[in-house]
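Both complexes shown next keep chain A, but they swap its partner, so chain B is in the first and chain C is in the second.
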Partner chain A sequence: MDINISEQEDRLVVTFKGNMDNASIREAEQALAPVFQCKDRDFLIDCSELNYISSRGLRLLVNLYKHFRDCGHSAFIRNMNKNVREVLFNSGFLTLYVEE
Partner chain B sequence: MRRATVNEYNKLADKLANHVGSMKYRFMNLCVKSEPVSLVSVEVLIEGKFKKLEDCCKVSKDDDYHFKLFPQYDDDMQAIMMGITRAHPEFKQEVKTISVTVPDGAGKDTDYKVKYLELTMPEVDDERYDLLTDSVKVIYDSCKAQMERANTRSKAVFASLAPGETPEDLKLLDDELDKLNKQWNEHRDKQRDAKLDEINEAYNRWLSHMGQQEIARMEDEDAHGDGTAMRMRMSDFE
Partner chain C sequence: MAKKSDTLSVRLGVSEEAYPQLYDFLNETARTAKMDDYYARRMRLVIEEAVGNIIGYSGASEMTLVAALSGNRVAIDITDDGLPFDPTAFPEPDMSVPADERAEGGLGIFYMRQMSDRLAYRRDGDKNILTVMLSFEDEE
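Our next item is the complex of A and B:
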(Lines of atoms letter the chains of each structure in order from A and count residues from 1; the text may use other names and numbers.)
(Lines give C-alpha, C1' and ligand atoms only; values in the text may rest on other atoms or scores of the structure.)
Protein backbone atom coordinates (compact mmCIF):
# COMPACT_ATOMS: atom_id res chain seq x y z
CA MET A 1 0.00 0.00 0.00
CA ASP A 2 1.27 3.48 -0.82
CA ILE A 3 0.62 6.42 1.48
CA ASN A 4 1.03 10.00 0.41
CA ILE A 5 0.97 12.83 2.95
CA SER A 6 0.49 16.41 1.85
CA GLU A 7 -0.94 19.72 3.01
CA GLN A 8 -3.91 21.36 1.33
CA GLU A 9 -5.67 24.51 2.52
CA ASP A 10 -4.45 24.20 6.11
CA ARG A 11 -5.39 20.56 6.28
CA LEU A 12 -3.22 17.51 6.43
CA VAL A 13 -4.21 15.18 3.61
CA VAL A 14 -3.40 11.47 3.64
CA THR A 15 -3.99 9.53 0.43
CA PHE A 16 -4.13 5.75 0.64
CA LYS A 17 -3.42 3.73 -2.50
CA GLY A 18 -4.00 0.01 -2.93
CA ASN A 19 -5.09 -2.46 -0.26
CA MET A 20 -5.00 -1.66 3.45
CA ASP A 21 -4.66 -5.32 4.44
CA ASN A 22 -3.24 -6.80 7.62
CA ALA A 23 0.09 -7.52 5.94
CA SER A 24 0.69 -3.89 5.08
CA ILE A 25 -0.65 -2.30 8.25
CA ARG A 26 2.64 -2.16 10.17
CA GLU A 27 4.25 -0.38 7.25
CA ALA A 28 1.28 1.99 7.15
CA GLU A 29 1.59 2.76 10.86
CA GLN A 30 5.25 3.63 10.38
CA ALA A 31 4.48 5.82 7.38
CA LEU A 32 1.80 7.63 9.38
CA ALA A 33 4.04 8.39 12.38
CA PRO A 34 4.49 12.06 11.29
CA VAL A 35 0.70 12.39 11.06
CA PHE A 36 0.40 11.45 14.74
CA GLN A 37 2.81 14.30 15.53
CA CYS A 38 0.58 16.86 13.83
CA LYS A 39 -1.56 18.75 16.35
CA ASP A 40 -2.40 22.05 14.72
CA ARG A 41 -4.72 21.35 11.84
CA ASP A 42 -7.65 19.34 10.52
CA PHE A 43 -7.12 16.03 8.82
CA LEU A 44 -8.47 14.58 5.56
CA ILE A 45 -8.26 11.02 4.28
CA ASP A 46 -8.50 10.62 0.51
CA CYS A 47 -9.64 7.09 -0.35
CA SER A 48 -9.90 7.54 -4.13
CA GLU A 49 -7.31 4.81 -4.73
CA LEU A 50 -8.07 2.63 -1.70
CA ASN A 51 -9.50 -0.71 -2.86
CA TYR A 52 -9.84 -2.60 0.37
CA ILE A 53 -9.64 -2.10 4.12
CA SER A 54 -9.12 -4.82 6.75
CA SER A 55 -10.09 -4.87 10.43
CA ARG A 56 -6.67 -3.58 11.46
CA GLY A 57 -7.12 -0.79 8.94
CA LEU A 58 -10.31 0.19 10.74
CA ARG A 59 -8.43 0.30 14.02
CA LEU A 60 -5.87 2.59 12.41
CA LEU A 61 -8.65 4.93 11.24
CA VAL A 62 -10.09 5.04 14.76
CA ASN A 63 -6.69 5.89 16.21
CA LEU A 64 -6.16 8.64 13.63
CA TYR A 65 -9.59 10.08 14.37
CA LYS A 66 -8.96 9.95 18.09
CA HIS A 67 -5.65 11.77 17.78
CA PHE A 68 -7.11 14.69 15.84
CA ARG A 69 -10.25 14.87 17.96
CA ASP A 70 -8.14 14.99 21.12
CA CYS A 71 -6.13 17.83 19.59
CA GLY A 72 -9.39 19.72 19.00
CA HIS A 73 -9.50 19.21 15.23
CA SER A 74 -11.84 17.56 12.79
CA ALA A 75 -11.31 14.53 10.59
CA PHE A 76 -12.67 14.36 7.06
CA ILE A 77 -12.90 11.58 4.51
CA ARG A 78 -13.67 11.51 0.79
CA ASN A 79 -13.74 9.44 -2.40
CA MET A 80 -14.47 6.03 -0.88
CA ASN A 81 -15.35 3.20 -3.23
CA LYS A 82 -18.64 1.34 -2.75
CA ASN A 83 -17.20 -1.44 -0.57
CA VAL A 84 -15.14 0.79 1.69
CA ARG A 85 -18.01 3.23 2.10
CA GLU A 86 -20.44 0.45 2.97
CA VAL A 87 -18.15 -0.86 5.72
CA LEU A 88 -17.46 2.59 7.14
CA PHE A 89 -21.12 3.55 7.00
CA ASN A 90 -22.38 0.34 8.62
CA SER A 91 -19.81 0.41 11.39
CA GLY A 92 -20.55 4.04 12.28
CA PHE A 93 -17.28 5.58 11.08
CA LEU A 94 -19.15 8.15 9.07
CA THR A 95 -20.45 9.61 12.31
CA LEU A 96 -16.81 10.18 13.33
CA TYR A 97 -15.34 11.28 10.03
CA VAL A 98 -17.09 14.05 8.12
CA GLU A 99 -17.72 12.84 4.57
CA GLU A 100 -16.94 15.34 1.83
CA MET B 1 -23.27 -31.12 -41.68
CA ARG B 2 -21.97 -34.60 -40.93
CA ARG B 3 -23.38 -36.42 -37.96
CA ALA B 4 -19.90 -36.95 -36.48
CA THR B 5 -19.34 -33.17 -36.48
CA VAL B 6 -22.67 -32.53 -34.79
CA ASN B 7 -21.93 -35.25 -32.22
CA GLU B 8 -18.54 -33.72 -31.44
CA TYR B 9 -20.18 -30.30 -31.07
CA ASN B 10 -22.72 -31.75 -28.61
CA LYS B 11 -19.93 -33.52 -26.73
CA LEU B 12 -18.04 -30.25 -26.35
CA ALA B 13 -21.23 -28.45 -25.21
CA ASP B 14 -21.75 -31.14 -22.54
CA LYS B 15 -18.16 -30.89 -21.35
CA LEU B 16 -18.30 -27.10 -21.03
CA ALA B 17 -21.58 -27.34 -19.12
CA ASN B 18 -20.10 -29.99 -16.80
CA HIS B 19 -16.97 -27.96 -16.05
CA VAL B 20 -18.98 -24.83 -15.22
CA GLY B 21 -21.47 -26.89 -13.18
CA SER B 22 -18.65 -28.51 -11.25
CA MET B 23 -17.10 -25.09 -10.57
CA LYS B 24 -20.44 -23.85 -9.23
CA TYR B 25 -20.74 -26.91 -6.97
CA ARG B 26 -17.25 -26.29 -5.58
CA PHE B 27 -18.12 -22.62 -4.99
CA MET B 28 -21.22 -23.69 -3.05
CA ASN B 29 -19.08 -25.88 -0.83
CA LEU B 30 -16.98 -22.89 0.18
CA CYS B 31 -19.87 -22.20 2.59
CA VAL B 32 -20.21 -18.48 2.90
CA LYS B 33 -23.99 -18.73 2.95
CA SER B 34 -25.97 -21.76 4.08
CA GLU B 35 -26.13 -23.74 0.83
CA PRO B 36 -28.16 -26.96 1.29
CA VAL B 37 -25.81 -28.70 -1.15
CA SER B 38 -23.02 -28.41 1.42
CA LEU B 39 -24.91 -30.92 3.60
CA VAL B 40 -24.90 -33.61 0.92
CA SER B 41 -21.45 -34.78 2.04
CA VAL B 42 -22.59 -35.28 5.66
CA GLU B 43 -22.78 -38.92 6.80
CA VAL B 44 -24.24 -39.85 10.16
CA LEU B 45 -23.13 -43.02 11.97
CA ILE B 46 -26.23 -44.54 13.57
CA GLU B 47 -26.22 -48.04 15.03
CA GLY B 48 -23.02 -48.92 13.19
CA LYS B 49 -24.23 -47.76 9.77
CA PHE B 50 -23.59 -44.55 7.89
CA LYS B 51 -26.80 -42.78 6.89
CA LYS B 52 -27.44 -39.71 4.80
CA LEU B 53 -28.32 -36.60 6.77
CA GLU B 54 -31.76 -36.32 5.16
CA ASP B 55 -32.56 -39.85 6.37
CA CYS B 56 -32.14 -38.88 10.04
CA CYS B 57 -33.43 -35.32 10.22
CA LYS B 58 -35.41 -32.56 8.56
CA VAL B 59 -33.42 -29.55 7.41
CA SER B 60 -34.84 -26.04 7.29
CA LYS B 61 -33.36 -22.67 6.54
CA ASP B 62 -34.66 -19.38 7.94
CA ASP B 63 -31.99 -17.10 6.53
CA ASP B 64 -28.82 -17.08 4.46
CA TYR B 65 -26.43 -17.89 7.29
CA HIS B 66 -28.13 -20.67 9.30
CA PHE B 67 -29.61 -24.17 9.02
CA LYS B 68 -32.00 -25.76 11.48
CA LEU B 69 -31.85 -29.55 11.75
CA PHE B 70 -34.70 -31.42 13.44
CA PRO B 71 -33.65 -35.03 14.21
CA GLN B 72 -36.23 -37.77 13.79
CA TYR B 73 -35.08 -39.13 17.16
CA ASP B 74 -33.52 -36.99 19.91
CA ASP B 75 -31.06 -39.83 20.58
CA ASP B 76 -29.47 -39.22 17.16
CA MET B 77 -28.50 -35.64 17.99
CA GLN B 78 -24.93 -36.47 19.02
CA ALA B 79 -24.32 -38.68 15.98
CA ILE B 80 -25.64 -35.90 13.71
CA MET B 81 -23.35 -33.36 15.37
CA MET B 82 -20.37 -35.66 14.85
CA GLY B 83 -21.30 -36.18 11.21
CA ILE B 84 -21.50 -32.41 10.69
CA THR B 85 -18.13 -31.94 12.41
CA ARG B 86 -16.50 -34.51 10.13
CA ALA B 87 -17.81 -32.81 6.97
CA HIS B 88 -17.79 -29.17 8.09
CA PRO B 89 -15.65 -28.49 11.15
CA GLU B 90 -16.00 -24.77 10.42
CA PHE B 91 -19.76 -24.72 11.18
CA LYS B 92 -20.81 -23.49 14.62
CA GLN B 93 -23.25 -25.99 16.18
CA GLU B 94 -25.75 -25.20 18.89
CA VAL B 95 -28.56 -27.39 20.31
CA LYS B 96 -31.71 -25.33 20.89
CA THR B 97 -35.34 -26.03 21.72
CA ILE B 98 -38.64 -24.63 20.54
CA SER B 99 -42.03 -25.01 22.16
CA VAL B 100 -44.76 -26.67 20.14
CA THR B 101 -48.36 -26.57 21.29
CA VAL B 102 -50.47 -29.54 20.24
CA PRO B 103 -54.27 -29.44 20.73
CA ASP B 104 -55.67 -32.84 21.79
CA GLY B 105 -59.10 -32.25 20.28
CA ALA B 106 -60.82 -32.08 23.68
CA GLY B 107 -60.06 -28.41 24.14
CA LYS B 108 -56.83 -29.08 26.00
CA ASP B 109 -53.43 -28.03 24.65
CA THR B 110 -50.18 -29.79 25.46
CA ASP B 111 -46.80 -28.08 25.17
CA TYR B 112 -43.82 -30.05 23.89
CA LYS B 113 -40.19 -29.02 23.81
CA VAL B 114 -38.64 -29.95 20.48
CA LYS B 115 -34.87 -30.09 20.25
CA TYR B 116 -33.10 -28.97 17.11
CA LEU B 117 -29.57 -28.28 15.98
CA GLU B 118 -28.73 -24.83 14.68
CA LEU B 119 -25.79 -24.55 12.32
CA THR B 120 -24.24 -21.13 11.82
CA MET B 121 -21.99 -20.44 8.88
CA PRO B 122 -18.53 -19.27 9.95
CA GLU B 123 -17.87 -15.54 9.87
CA VAL B 124 -15.78 -14.21 7.03
CA ASP B 125 -12.96 -12.56 8.96
CA ASP B 126 -9.70 -11.21 7.52
CA GLU B 127 -8.06 -14.63 7.40
CA ARG B 128 -11.06 -16.43 5.93
CA TYR B 129 -11.60 -13.65 3.40
CA ASP B 130 -8.09 -14.18 2.03
CA LEU B 131 -8.56 -17.95 2.02
CA LEU B 132 -11.94 -17.77 0.27
CA THR B 133 -10.88 -15.30 -2.40
CA ASP B 134 -7.76 -17.40 -3.10
CA SER B 135 -9.91 -20.54 -3.32
CA VAL B 136 -12.31 -18.87 -5.75
CA LYS B 137 -9.36 -17.93 -7.95
CA VAL B 138 -7.92 -21.47 -7.87
CA ILE B 139 -11.30 -23.08 -8.68
CA TYR B 140 -12.02 -20.55 -11.43
CA ASP B 141 -8.57 -20.98 -13.03
CA SER B 142 -8.91 -24.75 -12.91
CA CYS B 143 -12.32 -24.57 -14.63
CA LYS B 144 -10.95 -22.20 -17.28
CA ALA B 145 -8.04 -24.55 -17.99
CA GLN B 146 -10.38 -27.56 -18.30
CA MET B 147 -12.62 -25.64 -20.71
CA GLU B 148 -9.63 -24.65 -22.81
CA ARG B 149 -8.43 -28.27 -22.86
CA ALA B 150 -11.87 -29.47 -23.98
CA ASN B 151 -11.84 -26.89 -26.78
CA THR B 152 -8.36 -27.90 -27.91
CA ARG B 153 -9.35 -31.59 -28.08
CA SER B 154 -12.53 -30.80 -30.00
CA LYS B 155 -10.69 -28.54 -32.43
CA ALA B 156 -8.44 -31.45 -33.37
CA VAL B 157 -11.50 -33.64 -34.02
CA PHE B 158 -13.22 -30.90 -36.04
CA ALA B 159 -10.04 -30.46 -38.10
CA SER B 160 -10.02 -34.16 -38.95
CA LEU B 161 -13.70 -33.98 -39.98
CA ALA B 162 -13.35 -30.73 -41.95
CA PRO B 163 -12.48 -32.28 -45.36
CA GLY B 164 -15.96 -33.81 -45.55
CA GLU B 165 -17.80 -30.56 -44.84
CA THR B 166 -18.96 -27.81 -47.21
CA PRO B 167 -17.49 -24.27 -46.77
CA GLU B 168 -20.94 -23.07 -45.64
CA ASP B 169 -21.12 -25.77 -42.94
CA LEU B 170 -17.59 -24.98 -41.76
CA LYS B 171 -18.53 -21.31 -41.43
CA LEU B 172 -21.70 -22.30 -39.55
CA LEU B 173 -19.66 -24.57 -37.26
CA ASP B 174 -17.18 -21.76 -36.49
CA ASP B 175 -20.01 -19.37 -35.66
CA GLU B 176 -21.74 -21.93 -33.44
CA LEU B 177 -18.50 -22.73 -31.61
CA ASP B 178 -17.89 -19.03 -30.97
CA LYS B 179 -21.43 -18.68 -29.66
CA LEU B 180 -21.09 -21.75 -27.45
CA ASN B 181 -17.82 -20.62 -25.92
CA LYS B 182 -19.04 -17.08 -25.41
CA GLN B 183 -22.14 -18.37 -23.64
CA TRP B 184 -20.26 -20.67 -21.24
CA ASN B 185 -17.42 -18.20 -20.62
CA GLU B 186 -19.98 -15.57 -19.66
CA HIS B 187 -21.80 -18.02 -17.43
CA ARG B 188 -18.53 -19.09 -15.76
CA ASP B 189 -17.46 -15.48 -15.14
CA LYS B 190 -20.91 -14.62 -13.79
CA GLN B 191 -20.70 -17.49 -11.28
CA ARG B 192 -17.26 -16.33 -10.15
CA ASP B 193 -18.40 -12.71 -9.76
CA ALA B 194 -21.49 -13.80 -7.82
CA LYS B 195 -19.35 -15.85 -5.44
CA LEU B 196 -16.94 -12.96 -4.92
CA ASP B 197 -19.89 -10.64 -4.25
CA GLU B 198 -21.21 -13.14 -1.70
CA ILE B 199 -17.80 -13.29 0.03
CA ASN B 200 -17.48 -9.50 0.01
CA GLU B 201 -20.98 -9.11 1.45
CA ALA B 202 -20.21 -11.51 4.32
CA TYR B 203 -16.81 -9.92 4.89
CA ASN B 204 -18.34 -6.44 4.99
CA ARG B 205 -20.82 -7.66 7.60
CA TRP B 206 -17.95 -8.89 9.77
CA LEU B 207 -15.86 -5.77 9.14
CA SER B 208 -18.79 -3.52 10.06
CA HIS B 209 -19.14 -5.44 13.30
CA MET B 210 -15.40 -5.07 13.98
CA GLY B 211 -15.62 -1.36 13.20
CA GLN B 212 -18.44 -0.98 15.71
CA GLN B 213 -16.27 -2.76 18.28
CA GLU B 214 -13.37 -0.40 17.57
CA ILE B 215 -15.61 2.62 18.09
CA ALA B 216 -16.96 1.06 21.30
CA ARG B 217 -13.36 0.49 22.46
CA MET B 218 -12.57 4.14 21.82
CA GLU B 219 -15.68 5.27 23.70
CA ASP B 220 -14.79 2.93 26.54
CA GLU B 221 -11.29 4.39 26.72
CA ASP B 222 -12.79 7.89 26.65
CA ALA B 223 -15.14 7.01 29.50
CA HIS B 224 -12.32 5.59 31.60
CA GLY B 225 -10.04 8.48 30.71
CA ASP B 226 -7.18 6.18 29.61
CA GLY B 227 -6.08 8.56 26.90
CA THR B 228 -6.44 11.58 29.15
CA ALA B 229 -4.16 10.07 31.75
CA MET B 230 -1.54 9.40 29.10
CA ARG B 231 -1.77 12.97 27.73
CA MET B 232 -1.46 14.47 31.19
CA ARG B 233 1.66 12.50 31.87
CA MET B 234 3.15 13.44 28.51
CA SER B 235 2.39 17.14 29.08
CA ASP B 236 4.53 17.09 32.24
CA PHE B 237 7.55 16.73 30.01
CA GLU B 238 6.61 19.28 27.37
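Our next item is the complex of A and C:
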Protein backbone atom coordinates (compact mmCIF):
# COMPACT_ATOMS: atom_id res chain seq x y z
CA MET A 1 0.00 0.00 0.00
CA ASP A 2 1.19 3.51 -0.79
CA ILE A 3 0.55 6.35 1.65
CA ASN A 4 0.92 9.99 0.77
CA ILE A 5 0.85 12.73 3.39
CA SER A 6 0.40 16.35 2.39
CA GLU A 7 -0.88 19.66 3.68
CA GLN A 8 -3.78 21.26 1.82
CA GLU A 9 -5.00 24.61 3.07
CA ASP A 10 -5.67 24.13 6.77
CA ARG A 11 -5.82 20.33 6.80
CA LEU A 12 -3.44 17.40 6.87
CA VAL A 13 -4.38 15.07 4.03
CA VAL A 14 -3.53 11.37 3.93
CA THR A 15 -4.11 9.44 0.71
CA PHE A 16 -4.15 5.64 0.79
CA LYS A 17 -3.55 3.65 -2.37
CA GLY A 18 -4.07 -0.11 -2.61
CA ASN A 19 -5.11 -2.52 0.12
CA MET A 20 -4.97 -1.75 3.84
CA ASP A 21 -4.73 -5.42 4.77
CA ASN A 22 -3.06 -7.44 7.51
CA ALA A 23 0.13 -7.76 5.47
CA SER A 24 0.58 -4.02 5.05
CA ILE A 25 -0.66 -2.74 8.39
CA ARG A 26 2.71 -2.51 10.17
CA GLU A 27 4.20 -0.60 7.27
CA ALA A 28 1.17 1.69 7.32
CA GLU A 29 1.55 2.33 11.04
CA GLN A 30 5.18 3.31 10.53
CA ALA A 31 4.38 5.55 7.57
CA LEU A 32 1.68 7.30 9.57
CA ALA A 33 3.87 8.02 12.62
CA PRO A 34 4.37 11.68 11.54
CA VAL A 35 0.59 12.13 11.34
CA PHE A 36 0.35 11.32 15.06
CA GLN A 37 2.71 14.26 15.70
CA CYS A 38 0.37 16.73 14.03
CA LYS A 39 -1.66 18.60 16.64
CA ASP A 40 -2.58 21.92 15.06
CA ARG A 41 -5.05 21.20 12.27
CA ASP A 42 -7.91 19.08 10.98
CA PHE A 43 -7.33 15.81 9.17
CA LEU A 44 -8.67 14.36 5.93
CA ILE A 45 -8.38 10.82 4.60
CA ASP A 46 -8.77 10.51 0.84
CA CYS A 47 -9.81 6.96 -0.04
CA SER A 48 -10.18 7.41 -3.80
CA GLU A 49 -7.50 4.77 -4.46
CA LEU A 50 -8.09 2.59 -1.41
CA ASN A 51 -9.44 -0.76 -2.65
CA TYR A 52 -9.90 -2.64 0.59
CA ILE A 53 -9.62 -2.39 4.35
CA SER A 54 -9.47 -5.14 7.00
CA SER A 55 -10.46 -4.78 10.66
CA ARG A 56 -6.84 -4.04 11.55
CA GLY A 57 -6.84 -1.21 9.04
CA LEU A 58 -10.07 0.05 10.51
CA ARG A 59 -8.51 0.13 14.00
CA LEU A 60 -5.74 2.30 12.58
CA LEU A 61 -8.34 4.75 11.24
CA VAL A 62 -10.00 4.78 14.66
CA ASN A 63 -6.67 5.57 16.34
CA LEU A 64 -6.09 8.41 13.87
CA TYR A 65 -9.54 9.79 14.64
CA LYS A 66 -8.88 9.62 18.39
CA HIS A 67 -5.60 11.49 18.01
CA PHE A 68 -7.20 14.42 16.20
CA ARG A 69 -10.24 14.40 18.50
CA ASP A 70 -7.95 14.56 21.53
CA CYS A 71 -6.17 17.54 19.95
CA GLY A 72 -9.50 19.32 19.48
CA HIS A 73 -9.67 18.85 15.73
CA SER A 74 -12.01 17.15 13.28
CA ALA A 75 -11.42 14.15 11.05
CA PHE A 76 -12.86 14.00 7.54
CA ILE A 77 -13.05 11.18 5.01
CA ARG A 78 -13.95 11.11 1.32
CA ASN A 79 -14.13 9.00 -1.83
CA MET A 80 -14.67 5.60 -0.19
CA ASN A 81 -15.55 2.74 -2.50
CA LYS A 82 -18.52 0.54 -1.68
CA ASN A 83 -16.44 -2.00 0.27
CA VAL A 84 -14.50 0.49 2.37
CA ARG A 85 -17.65 2.44 3.19
CA GLU A 86 -19.46 -0.75 4.13
CA VAL A 87 -16.71 -1.77 6.57
CA LEU A 88 -16.81 1.61 8.32
CA PHE A 89 -20.58 2.01 8.22
CA ASN A 90 -21.61 -1.45 9.39
CA SER A 91 -19.51 -1.26 12.55
CA GLY A 92 -20.62 2.29 13.36
CA PHE A 93 -17.14 3.74 12.89
CA LEU A 94 -18.19 5.94 9.99
CA THR A 95 -19.91 8.15 12.57
CA LEU A 96 -16.48 9.18 13.89
CA TYR A 97 -15.51 10.83 10.63
CA VAL A 98 -17.21 13.63 8.78
CA GLU A 99 -17.94 12.27 5.32
CA GLU A 100 -17.56 14.79 2.51
CA MET B 1 -18.82 -22.59 -17.44
CA ALA B 2 -15.73 -24.02 -15.82
CA LYS B 3 -16.36 -22.37 -12.49
CA LYS B 4 -19.47 -24.33 -11.68
CA SER B 5 -17.72 -27.13 -9.86
CA ASP B 6 -14.11 -26.04 -9.37
CA THR B 7 -12.19 -26.69 -6.17
CA LEU B 8 -9.05 -24.77 -5.21
CA SER B 9 -6.79 -25.33 -2.23
CA VAL B 10 -3.71 -23.98 -0.53
CA ARG B 11 -1.62 -24.94 2.49
CA LEU B 12 -0.25 -22.05 4.50
CA GLY B 13 2.27 -21.61 7.28
CA VAL B 14 0.94 -19.96 10.42
CA SER B 15 2.74 -16.63 10.44
CA GLU B 16 2.44 -13.12 9.04
CA GLU B 17 4.43 -14.32 6.02
CA ALA B 18 1.40 -16.38 4.96
CA TYR B 19 -0.65 -13.35 3.92
CA PRO B 20 0.71 -12.83 0.37
CA GLN B 21 0.06 -16.51 -0.41
CA LEU B 22 -3.42 -16.17 1.08
CA TYR B 23 -4.16 -13.14 -1.11
CA ASP B 24 -2.93 -15.01 -4.21
CA PHE B 25 -5.24 -17.90 -3.34
CA LEU B 26 -8.24 -15.62 -2.85
CA ASN B 27 -7.49 -13.73 -6.07
CA GLU B 28 -7.30 -17.03 -7.94
CA THR B 29 -10.58 -18.16 -6.37
CA ALA B 30 -12.27 -14.90 -7.39
CA ARG B 31 -10.85 -15.14 -10.91
CA THR B 32 -11.94 -18.74 -11.33
CA ALA B 33 -15.41 -17.84 -10.08
CA LYS B 34 -15.53 -14.75 -12.32
CA MET B 35 -16.58 -12.97 -9.14
CA ASP B 36 -17.48 -9.30 -9.16
CA ASP B 37 -14.80 -7.21 -7.35
CA TYR B 38 -17.20 -6.07 -4.65
CA TYR B 39 -17.94 -9.66 -3.64
CA ALA B 40 -14.29 -10.66 -4.00
CA ARG B 41 -13.34 -8.01 -1.43
CA ARG B 42 -16.08 -9.16 0.93
CA MET B 43 -14.76 -12.74 0.60
CA ARG B 44 -11.26 -11.48 1.27
CA LEU B 45 -12.38 -9.67 4.41
CA VAL B 46 -14.15 -12.70 5.88
CA ILE B 47 -11.28 -15.08 5.15
CA GLU B 48 -8.51 -12.65 6.14
CA GLU B 49 -10.19 -12.12 9.52
CA ALA B 50 -10.49 -15.88 10.09
CA VAL B 51 -6.88 -16.50 9.07
CA GLY B 52 -5.74 -13.55 11.18
CA ASN B 53 -7.26 -15.16 14.26
CA ILE B 54 -5.45 -18.43 13.52
CA ILE B 55 -2.12 -16.65 13.00
CA GLY B 56 -2.59 -14.52 16.09
CA TYR B 57 -4.00 -16.85 18.66
CA SER B 58 -4.27 -20.53 17.71
CA GLY B 59 -0.76 -21.90 18.21
CA ALA B 60 -1.34 -23.96 15.04
CA SER B 61 1.57 -25.19 12.94
CA GLU B 62 -0.25 -25.17 9.62
CA MET B 63 -3.56 -24.41 8.02
CA THR B 64 -5.28 -25.46 4.83
CA LEU B 65 -7.93 -23.65 2.82
CA VAL B 66 -10.19 -25.41 0.35
CA ALA B 67 -12.60 -23.37 -1.75
CA ALA B 68 -15.43 -25.28 -3.43
CA LEU B 69 -17.29 -23.33 -6.10
CA SER B 70 -20.83 -24.18 -7.02
CA GLY B 71 -22.69 -21.78 -9.26
CA ASN B 72 -22.72 -18.41 -7.55
CA ARG B 73 -21.75 -19.78 -4.18
CA VAL B 74 -18.44 -20.69 -2.63
CA ALA B 75 -17.80 -22.74 0.51
CA ILE B 76 -14.35 -22.28 1.98
CA ASP B 77 -13.09 -24.76 4.58
CA ILE B 78 -10.32 -23.39 6.80
CA THR B 79 -8.60 -26.18 8.74
CA ASP B 80 -5.93 -25.65 11.39
CA ASP B 81 -4.29 -27.82 14.04
CA GLY B 82 -4.36 -25.21 16.79
CA LEU B 83 -6.19 -24.88 20.06
CA PRO B 84 -9.95 -25.46 19.89
CA PHE B 85 -11.63 -22.21 18.90
CA ASP B 86 -15.21 -21.76 17.74
CA PRO B 87 -15.65 -18.27 16.26
CA THR B 88 -19.38 -18.89 15.86
CA ALA B 89 -19.67 -18.98 19.68
CA PHE B 90 -17.64 -15.81 20.23
CA PRO B 91 -19.67 -12.96 21.79
CA GLU B 92 -20.66 -10.07 19.55
CA PRO B 93 -19.07 -6.68 20.26
CA ASP B 94 -21.51 -4.38 22.07
CA MET B 95 -22.64 -2.14 19.23
CA SER B 96 -24.69 0.03 21.61
CA VAL B 97 -21.43 1.47 22.98
CA PRO B 98 -20.27 4.54 21.00
CA ALA B 99 -17.70 3.52 18.39
CA ASP B 100 -14.79 5.43 19.91
CA GLU B 101 -15.42 3.98 23.39
CA ARG B 102 -15.88 0.37 22.30
CA ALA B 103 -13.39 -2.24 23.44
CA GLU B 104 -11.06 -3.59 20.78
CA GLY B 105 -11.46 -7.22 19.87
CA GLY B 106 -14.26 -9.15 18.27
CA LEU B 107 -14.43 -6.84 15.29
CA GLY B 108 -12.98 -9.40 12.89
CA ILE B 109 -15.53 -12.01 13.94
CA PHE B 110 -18.27 -9.38 13.61
CA TYR B 111 -17.33 -8.95 9.92
CA MET B 112 -16.97 -12.71 9.40
CA ARG B 113 -20.57 -13.14 10.51
CA GLN B 114 -21.92 -10.10 8.80
CA MET B 115 -20.38 -10.57 5.36
CA SER B 116 -20.83 -14.32 4.99
CA ASP B 117 -24.04 -16.22 4.36
CA ARG B 118 -23.19 -18.68 7.10
CA LEU B 119 -20.32 -19.87 9.30
CA ALA B 120 -20.12 -23.44 10.56
CA TYR B 121 -17.53 -24.78 12.99
CA ARG B 122 -16.57 -28.28 14.00
CA ARG B 123 -13.72 -29.85 15.91
CA ASP B 124 -12.43 -33.00 14.23
CA GLY B 125 -9.76 -34.75 16.32
CA ASP B 126 -7.01 -32.17 16.83
CA LYS B 127 -8.27 -29.87 14.06
CA ASN B 128 -10.52 -26.85 13.88
CA ILE B 129 -12.59 -26.74 10.70
CA LEU B 130 -14.42 -23.54 9.92
CA THR B 131 -16.66 -23.52 6.86
CA VAL B 132 -17.47 -20.11 5.41
CA MET B 133 -20.32 -19.93 2.93
CA LEU B 134 -20.60 -16.94 0.62
CA SER B 135 -22.72 -16.05 -2.35
CA PHE B 136 -21.70 -13.61 -5.04
CA GLU B 137 -22.59 -12.00 -8.31
CA ASP B 138 -20.62 -12.37 -11.51
CA GLU B 139 -18.28 -9.71 -12.78
CA GLU B 140 -19.83 -7.51 -15.41
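Assorted remarks:
Here is the rule we go by: the second predicted complex is superposed on the first by the 100 of 100 C-alpha atoms of A that agree within 3 Å, B and C clash if a C-alpha of one lies under 4 Å from a C-alpha of the other, contacts with A are read in each partner's own complex, and residues count from 1 in each chain.
Quick note on the criterion: a residue touches a chain if its C-beta (ideal position, glycine included) is under 8 Å from a C-beta of that chain, and two chains touch if they have at least 3 such contacts.
Every value quoted in this text rests on a predicted model; they were computed, and no experiment measured them.
Placing chain B and chain C on a common chain A by superposition gives a clash between them.
Once chain A of one complex is fitted onto chain A of the other, the partner contacts of A:59 extend to both chain B and chain C. By the touch criterion defined above, A:70 reaches chain B but does not reach chain C.
Contact with neither chain B nor chain C is seen for A:13 once the two complexes are overlaid on the shared chain.
Using the contact criterion defined above for the overlaid structures, shared-chain residue A:51 touches chain C, although it does not reach chain B. By the touch criterion stated above, A:96 is placed in contact with chain B and with chain C alike. Chain C is struck by only one stretch of chain B after the chain A overlay, and of the options 24-32, 96-104 or 168-176 that stretch is 24-32. For the contact definition in use here, the residues of chain A common to its chain B contact set and its chain C contact set are 21-22, 54-56, 58-59, 62, 65-66, 83, 86-87, 90-93, 96.
Per the touch definition, chain A reaches chain B in the complex via residues 21-22, 53-56, 58-59, 62, 65-66, 70, 83, 86-88, 90-93, 96. Note for the complex: chain B touches chain A at residues 125-126, 130, 200, 204-212, 214-215, 217-218, 227, 231.
Residue ranges of chain C in contact with chain A, taken from their complex: 16, 19-20, 23, 38, 41-42, 44-45, 48-49, 52, 93, 95, 98-100, 102, 104, 107-108, 110-111, 114. Residue ranges on chain A touching chain C, taken from their complex, read 19, 21-23, 51-52, 54-56, 58-59, 62, 65-66, 69, 82-83, 86-87, 90-93, 95-96.
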